[in-house]
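Before anything else, here is the set of structures, which you'll find just below.
Consider the two complexes below, in which subunit A is the common component and subunit B and subunit C are the respective partners.
Let's turn to the complex of A and B:
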């Protein structure tokens, strides 16, 4: 039993892989709407989402998803019945058609009545714009279409919680736009937890944003509040400044700098990317430090 | 000269068409006209029984969907296997069919060789090698890496263990048929072709049981190589005509022990089944 009303409630969650601590006492309470999870590679986003999606167990701490305890088999089953999941590295049976692939996962989601199930498969494929290619083999689909197949299976059964781990990775700008439209439509009826590297996705889609790095939550709040943390700390200059925490040369030839501006600097209107970089600093460009799946025991 | 006024189907024809009481000629006429006349389509729409049309569409769609399923799935469905079970079983069936073919070919080769030289060497080699195949197949099929959908399957309410057992059963059943056929075709072999089944159960169930505590891959290698080493040591110096009889695992007492170990391991796996509910097998909640 739990008294929490949050869709996802994590308290002091720790997860380690060998000697690497992927999550270091993460506490989060997430409600309805779209929550964006931002962070560099190795921040712990995927581990966090896997725990929420019940495919990994936390080493310690308290986890409640949709009011259920995933450490109990009954609670886990209840969560899985109400969950849609898009893993970071979704696999495919490439020789199956998109329809058969989604239908197979619909069976695993306990949809046993064939006609009802097939209607549901057609519905979700239509929702992601794949109705016309439903019977094409997955190997014949473009990369963007393949990812939409995975989005489609996540929508099966109209789940209460959608966990999407970098679903827009590898999509071209047009596909990203379509993807945002799809997620926006989904979010009208679902709670969505969306992991991404891309601040523009968060700005466009999310009502709530969580920034992670090094297995810890650095910040959480509304996108506007996150942007405000960078107000007065972004400036432009003709030359780089070693005092800046992060800086880069823009297309106009000027340098955009983030940190503590020297007096007399020309302050710029902050964007979400500025606030994000201010929080995670150079780690945003660092090499991944999280353990690869090859280090898991189940291999 | 004035042009003829446009022809329309008329309420009587449309009503007969919708009821299905119009004869073939009038039906064809109505259909041909409806394709090109928006006015008549608007007139016929309120007469149609939408419920009946939807039911018809559902039946047609269902038949088309069934026709699109693969041969294994259709075969299972015709055998009476529920459609959703047939779907789970048939996904990835290609690999399992090829595995079954391997077993059948191995038995055939062993029989042919032994019929020439009168020794048991080939049958013995087959009996030792055969349990390794399911051991490797089972442990790799339940590990995350081998199934491209491993993470999605794990997150589904149908447990990964249930999916795995369902597929294992579909391999086991035809395997028994192949073994039984070999015994019938070559009576002198008696039950020999089936002697590998219990070692196979034992190795596989023990690997799964230990895999809930230790890394599954390491356990699989340890058990597989241990089995081969044990067979080699037991038959060192034994006559080529009595290799099977020299290895205790193929004797009645040995088979009984293997059966008991298999049962204990199966019970252990059942009690620790929650371990299979996560990607990092062995990390129970």
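Let's turn to the complex of A and C:
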């Protein structure tokens, strides 16, 4: 990926809240496709997404989104016209129907032609499987449906950049599959930045993954490359091993361990979750975190 | 107590309406803080349509809509003139304005209350566009208030009461503009003080401002009711002068003033998103117009305007329209010509109850309108008429010139009413004046409310009896007037009445009792007896005892005369 073609280009971005440094010199270049943002709570993911979504200004560093500078009014406007955003804690106008709420947001997306706008609202609601309940009040919808309403509004106008902050939380498995399909389809043409705790979503959806912790990018690359970093470092055992970086008891009664396996261990096929835990655990144990993230080549 | 209540309401509202889902400090949200040349202003119209729906369906606005018919009925009950009705409609719309402030404020605050601020901040329509759309919702409440106003005027017009004057749209428009301005107040408060409690607090502030600082008759001004400073109020009520031609109302300028104030509030709302050039121009222009319109309204009347109004009062011949019916001349100001047929009925009936000698023995009767010396204020308290006038007019009027002892019958502005009530006296007060004229008593007071006492004089009984005979429900009216007007004292002085009848005599309760007794006799028989010796019965020396004896009735006990009164000669 080159800088010139990057949809999102962040260089040494710093953001602080009082004495807390939420982002500590983050640099990222993201292009077309789905980029998954993984990290524990407080890693700085949401702050990063807010800066990309133009709702938060960076304290320092350089930010370019869709080739525009969000620190300039015209740049922000241009970005927002091509952006779909799902905030971490989206609010609703609960007394409105799903249709009316999305329609209202469509107006704010400058869709002024009533007929065209209504067609678009119907399309996005159908896309997220809410066509049948479009005229129900939001407060009467389930938690998952409410989140889908927000996903629907993010899809309005087929945005060039979709920024989604934990959109799949609360969705049932069927809805999540449908959601993945929708995002995949969009990602064929556009850029999707997806923050999630669900490594399986990242594995299934993302062509690129960024792992953050402590306001820094720990690593970025393809999901497979990330998984490969855990190869030979995941093993199973009948009992926990204090040498393991992370371990947990599985449903079969065996323990899955991550770290430096003792010789003769029964190695296991690594998964995305293992690689993620390995990275995050290592970062937590090794201070200070290196400011230069490791990189993998994209597939 | 009021302050404690205010704090309690504000605290409760703030707690109840606090932001519930805020995920980001609104202050840290960046946005296209200013609109730009590429801002899509076409968004405003559909957005305003959606927001208007929200304001109109907001519970606070619905409460206002439900209250308004009641307020309009209360504000236009017992109307006497179209001016009063036109102003009353405006007054009736004020509570709708209060509720509109709350509704528009809460709708404007909905993003922060619902936690959608972050979502909205990432959309291309800037906050200034959203504020513009919120301000454009002014159309909805304005239309609703206009519908209410028109409906109220139509309903009053279809009522049975014949009103003097004509509808004054500029007066009513003030109420509609107040509702419109309420939207801009609600939005401006939401933009600068983003908490639900502030919207409610602003309603109290508006009420407090109007009642304490914009009502010139209250502290800290304590000026006369007619002072032009009253026009800096949101709703500048009319004076109590009772006649349009005495009013000095720059009504059009007041509308300009209200409209400019509303635009000013709208400009302040938009200024929250940056003092752009067009916003600066808007605020500057609105402020300038507000100041100019306020200044023009508070200018004293010109010499010519004062002279014209003084002439209206002191030279009624030049301004009243007269007509003659059965040798009686009726003169009324143009606005009150609708009352003349009632006068003719009542005066004619009173004279018909009396012997023809009553007319023959007197100079031709003139029924000429003039203001009452004491009138009712808005709190149903008695008020000297001159205090209702602008001081420039009042200072040029001598009481003896305005209320000369000319012996004529003088109906006041408006119809006869019981104190502070809608109960109609059916012209009984005018009939008593006519009866007094017929028997040689002074019909109306003069000077500084000078009235004489005719206690024990037979002619006073005849005047009261004739009035009761000539008036619908006359016996009951006479009884009630006697009881209410005397309050247990021997004379009917109307001491507690806010707008007492304009009578030139303080009648005695005992004499009124005899008049009631005489109502039990056949009117024709009484008239015949009186006709046989009219001069005797109208002689001040003829006593009520003699009259009672003539009709075989019990003579009333002689009343104790009030020491400060003079006997009617």
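The definition used in the following text is that the second predicted complex is superposed on the first by the 278 of 299 C-alpha atoms of A that agree within 3 Å, B and C clash if a C-alpha of one lies under 4 Å from a C-alpha of the other, contacts with A are read in each partner's own complex, and residues count from 1 in each chain.
Just so we're on the same page, a residue touches a chain if its C-beta (ideal position, glycine included) is under 8 Å from a C-beta of that chain, and two chains touch if they have at least 3 such contacts.
Because the structure is predicted, anything quoted here is derived from the model rather than measured.
Check subunit A with both subunit B and subunit C modelled on it and let me know: fit or clash.
They clash.
Quick check on the superposed pair: does A:190 touch subunit B, subunit C, both, or neither? Answer first, second, both or neither.
So A:190 meets neither subunit B nor subunit C here.
In the superposed arrangement, which partner chain does A:135 touch: subunit B (first), subunit C (second), both, or neither?
A:135 contacts subunit B only, not subunit C.
Kindly classify A:118 by the partners it touches after superposition: subunit B alone (first), subunit C alone (second), both, or neither?
Touch status of A:118: first partner only.
Which partner, subunit B or subunit C, is in contact with more residues of subunit A?
After superposing on chain A, more of subunit A is contacted by B.
Once chain A of both complexes is superposed, is A:90 in touch with subunit B (first), subunit C (second), both, or neither?
Both partners, subunit B and subunit C.
Touching A:109 in the superposition: subunit B (first), subunit C (second), both, neither?
both
So, does A:81 touch the first partner subunit B, the second partner subunit C, both, or neither?
both
Quick check on my understanding: which residues of subunit A belong to both its subunit B contact set and its subunit C contact set?
50, 53-57, 70, 73, 76-77, 80-81, 83, 85, 87, 89-93, 100, 103-105, 107-110, 112, 114, 117, 153
Would you tell me which residues of subunit A are touching subunit B in their complex?
For subunit A paired with subunit B, touching residues are 50, 53-57, 70-73, 76-77, 80-81, 83, 85, 87, 89-93, 95-97, 99-100, 103-105, 107-112, 114-115, 117-118, 135, 153, 293, 296-299.
Which stretch or stretches of subunit A touch subunit C in the complex?
Touch residues, subunit A against subunit C: 50, 53-57, 70, 73-74, 76-77, 80-81, 83, 85, 87-94, 100, 103-105, 107-110, 112, 114, 117, 150, 153, 163.
Please name which positions on subunit C make contact with subunit A in the complex.
Counting only subunit C, the residues touching subunit A are 21, 23-24, 28-34, 36, 38-40, 42-43, 45-47, 50, 110-111, 114-126, 130.
Along subunit B, where are the residues that touch subunit A in the complex?
Within the complex, subunit B touches subunit A at residues 58, 61-62, 65, 68-69, 82-84, 87-88, 91-92, 94, 143-145, 147-158, 163, 215-217, 274, 277-285.
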